[in-house]
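Presented sequentially are two complexes of chain A, the first with chain B as partner and the second with chain C.
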Partner chain A sequence: MQIYICVKHVPDSAAHITILDKNRIDESISFLLNPYDEHAVTEAAKIKNNTPDSEVIAVCLGKNDAEKTIRSALAMGADRGILITCDKNYDSMVTALALKAAIEQDGTPGLIFTGKESIDAEGMQTMFRIGAVFDFPVATNVVKLDIEVDKAVVDCELSGGITNTYEMSLPCVLGAGKGLNTPRYPTFPDVVKSKKKPVQKIVFTDLNIKDSPAGMRIVELEPLHQARQPKEIKGDAGFVAKEIIRILKQEAKVL
Partner chain B sequence: MNQKFDAIIIGAGVIGCPIAYELSKMGYKTLNVDKLPDAGEGSTAGSCAIVRAHYSTADGVAMAYEGFKYWLNWENYLDNVTDEKGLAKYMNTGSLLLKSQGHDWKKVQKNYDEVGVKYEEWDNDKIKKMVPVADLHEFWPVTRPEDPAFYNEPVKELEGGIFCPEGGYVNDPALSAHNIMRAAEAKGAKFMFNAEVVDIRSENKRVTGITLKDGTQIDAGIVVNVGGPHSFKINKMAEGVWEGCNIKTKALRHEVMYCPSPEEYDYLNKGYHMSDGDIGCYVRPEVGNTFLIGSEDPDCDPQEWVDPDDFYAGKGGHGKDNVLTEEQWKAQCYRLGKRIPTLSVPNQPKGVVDLYDCSDDWIPVYDKSDLPGYYMAIGTSGNQYKNAPVVGHMMAQLIDACEKGLDHDKKPLQYKFKYTDRSTDVGFFSRKREINYNSSFSVNG
Partner chain C sequence: MMKNIGVIIELDKGRVKETNFGMITLARAKDTQLFAFVMDADAKSVKEVLESFGITKIVEVWLAPDQLNNPVTRAKAMINAIKEFNISMVFGLSTAMGKDLLPRIAAHLFAPLVMDCFYVDLEQKIAKTYQYSGKTIATIQLTGEVLVFGIRPNAIEPVKAQEKAQMLKFDSSHIVATGFRVIKSGGIDKTTRINLAEADVIIAGGRGMKNSENFNILFQCAKKINAAVGASRVAVDAGWVPYSMQVGQTGEKVSPKVYIACGISGSIQHFAGMKTSGMIIAINTDENAAILSNCDYYVKADALEIIPTLTKILDNG
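Then we have the complex of A and B:
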């Protein structure tokens, strides 16, 4: 089985993001593998280890520098990479078409992974558009996955901590969520091995992607200034501990 | 009418606070001013707070060894003061210096012998027993991951190491400065925060006080520059001081990384502080069973000298601002990944970026100045944290002696350590010295 992981080269969330011309960011900062894609790579590598004759291929649409992100995916367990090089950022519709063209040029997908979202655009659309162009079923925020002979059984986490279970025919598109696994980060020997793994480069224009009937463009970017509103919890240690638990359960809903 | 003190100390970090503490104990009425909101919040907070004895000079070793006595008896040093934030803890893990081409370890060993530092020589078998995750191949010379030579297969093994059972780190450097502030306050010292100095005033060739950004003037016949990475800016405010220093200071950007320990290795509770010149790194345990990975500034790494105000404001762009870079993250983590092949390296950098207050020869300036009444404890170059309590005592002695008429430039103060049976020539730290080529010119001091 060929397992494709669509990965994205995103700005480090800790970087100082500077907006230029009101519609793009200054890209002279650190970029890295989209954190949700790390879960996708880890899961794909796990399936590969349990599935004879399978192969994991990381695919990325990005500028030349995005090869670093493909290399990160290779160090985490992907077998090889495909970088569709372009000189500008495309919307999720064009991205899905480009990824489909590159994947079809390369092989036959048994499974396609993405992260549930990218931490830069946070559009949460690409996996659905990939599903649409391939006509494959899609599930997002996948937190549990079992691959059976002809189907995938997935748990998807919805808002409020609710989980739904779906049976999906294969091939399908899965958007990996944080709960799916703990990313398996590479050791230095993994990095050394990954340097020998092949990365094929395809020029975006060579894929002859036709203009999609609709499109999205960034009209304006504005920095979000979120005022912090600290609140002191007063009382003895027992009360403070109970209040923290209450807030985590009822307000933050993370427990 | 202006407020008046005997001594104003500019900076309330881990060196400014003990100077106040010791001067207060001697009867001086002191005021520390700091532009930040609390003690130890500046570059002290970014310190790795490592306490180890290996230095490239015998005086350096002696001062560090003396410092151990303070950290080991922290409550006693603080005169059992209460700090509402709790007390910092000295974690005596022991300290392992790997014998490599990256360190002049023979000189360090000679210095240990001269000063009387307790140590053991460990062969590779012993190191493998004590640090089971270590691969003891030689990886020298230090290179960067962008260099194909970084991936060369090693062929030789290292030749063991020198282990000091005394050595480790302080778990919260900012808190340690806060503790000393509380101890100083108990002796009468005053502290003023959110107060930025914009002028050092002088009259008739003697310092008379400071002016703050809001226009407040505070008078004192003694002003001490302990401004950390801002030290050179403060020296330039004082008449003739900058020009009178043969050794200057600058602010050097520095990155330190946090990388999780391999799951099977309890580094937090069983690991040592290690100095590994073979890969250009030093490490110590950190909470969450992580490795704190510092760089020993190998020649192949970029050095970024920055304006401290721009840096702390997040200006300067990639590699110059206060954000970790992916390039240096990989350099330091992958270097350690050679030594510890089971170390997993996350994709997103985690760590601390801060500034060294670095002198021309990486040895501090603990001295008077050409402006009578103005003193300096600067150029602490990322390696003086461990010496802070000793420096506090030594600077107080120096200031007191000079104020009582000592011509320190002509007849340097001989500082007698409190605990170690040894004196040190404070003239070693003179602003007038020529560059000391005996220095390691690195964080190792």
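Then we have the complex of A and C:
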């Protein structure tokens, strides 16, 4: 079985974001493999270990620098990578079409993973778009997965800790949630080995993705300024508690 | 031509959830028909309240109980309804249900979708949402025949506007989900009493809670102030509370009216999940905690002392 993991090269969540030209970020900051994708890679590597003749391929649409993210996925257990290189950021509709084209050129997916969301655009939809263009069933925020002969049984977490269990035919698309596993961080030998694993580069324009009139485009990006003016509440526990109750009642009007 | 706008109504035990009203307020526009799609209840029972917020057509999307449980049949029914009623803009909530339903709809219609919007301009077809862990506000232009918006719960103040609504039925009971079956629906984690994403008030604990038992102090207080209980990653990783309670970058993203942070230092990753809260009240013994310089009120004290006192005062009326 060929397992494809769609990974994204995203800014480190701790990095300071600087906005350029009011519509893009300064990309000279630290980028890494999207944290949710780590769960996807870890799970794919686990399935590979239990399934003879299987292969794990990390696919990414990104700029040249995104090869680092593919290398991270390789160090965590993927066998090889495909980088679709482009020089601008595309929306999730185009991304899904590009990933599909690259995957179809490469092989026959038995399973496709993504993270449940990317921590940069936070669009929460790419897995559904991949499913729609392939016509495969989709589940997201997957926290438990069992692969059987011709089906996947998954637990998906809704908010508040509610989980649903679904049975899906294969191939299917799964958005990995945090509860799925504990990512297996690479050892030094893993990193060394990953450098020898092949990464194929495809130029985005060679995939001939048709322009669509439908889409999403960022027209403006601005920093979220927070002008909170912290005020201290001083006094003994009784006084502080009463003051908080007063604030909840009179200022926030929630009591 | 008159435009048709649709809102997908979320219900809780047959009642329209409060968070729908802000979304309906946002979806109202001149010279449009405002459709409410109701899947989980007898539409007559919610007619009056939907009319009071300006809904002009109420569509009861009829599905059998087992179809209602299946996210694929729900999405297919909505896709058919959107086509049937010529809806050009679809609004839903960015709740757990919406995060599954709205992308399914948008993907099948090849329609653009912006999740977690806190503002939409229907004329310009632009939406505002947060990106980069809540560090930026993105203004996004949507183009296409059908546009889909996921609205962040509690982001918009509801305003009433009385209308009379026409009642319609849309039978979707023939729909089947291929390759997707529900085996079990709704195993509930008993520890979270109020849904975090939709709560008006959240009381959250971090390292300063010290152990699992102390979270009961927050639960007791939460009951009194009608709050949901959240936690920082530290508290979750320590195993004190389940992951479903985590607020932050890799947890739930919330914007309650009030966020009370108990013994939470306030890392960038934690702020990514709660910085859009209306008011932040921080209780922390560490005067160097980052949260004390990025909140509205702070107390340099032990939450384990302040919160039980607060609960006791409320207990005594």
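Annotations
As a convention for this text, the second predicted complex is superposed on the first by the 223 of 255 C-alpha atoms of A that agree within 3 Å, B and C clash if a C-alpha of one lies under 4 Å from a C-alpha of the other, contacts with A are read in each partner's own complex, and residues count from 1 in each chain.
Just so it is clear, a contact is a pair of C-beta atoms (placed from the backbone, for glycine too) under 8 Å apart; a residue touches a chain by one contact, two chains touch by 3 or more.
Quick caveat, the model's predicted, so the values are computed rather than measured.
In the superposition on chain A, A:186 contacts chain B only, with no contact to chain C. Once the two complexes are overlaid on the shared chain, A:149 sits clear of chain B and of chain C alike. By the touch criterion stated above, A:164 is placed in contact with chain C alone, chain B being left untouched. Within the superposed three-chain model, A:227 lies out of touch with both chain B and chain C [touch as defined at top]. Once the two structures are overlaid, the count of chain A residues touched is higher for C than for its counterpart among chain B and chain C. Residue contacts after overlaying the shared chain place A:13 against chain B and chain C alike.
In the superposition on chain A, A:215 makes contact with chain C only, not with chain B.
Residue contacts after overlaying the shared chain place A:35 against chain B and chain C alike. Once the two complexes are overlaid on the shared chain, A:138 sits against chain C while remaining clear of chain B. Taken together, the two complexes place residues 13-14, 35 of chain A in contact with chain B and also with chain C. Chain B meets chain A in the complex at residues 151, 314, 317-318, 321, 323-327, 334, 337-338, 341-349.
Residue ranges on chain A touching chain B, taken from their complex, read 12-16, 28-33, 35, 38, 68, 72, 183-189, 191-192, 195. Listing the residues of chain C that touch chain A in their complex gives 69, 72, 95-97, 99-100, 102-104, 106-108, 110-116, 126, 129-145, 150, 178-189, 191-192, 195-197, 200-201, 225-226, 242-245, 249-252, 257-258, 260, 268-269, 272, 275-276, 278-282, 292-301, 305-306, 309-310, 312-314. Residue ranges on chain A touching chain C, taken from their complex, read 11, 13-14, 17, 19, 25, 35-36, 91, 93, 96, 119-125, 127-129, 131-132, 136-141, 153, 156-169, 172, 178-179, 212-224, 226, 228-234, 237-238, 240-242, 244-245, 247-248, 251-255.
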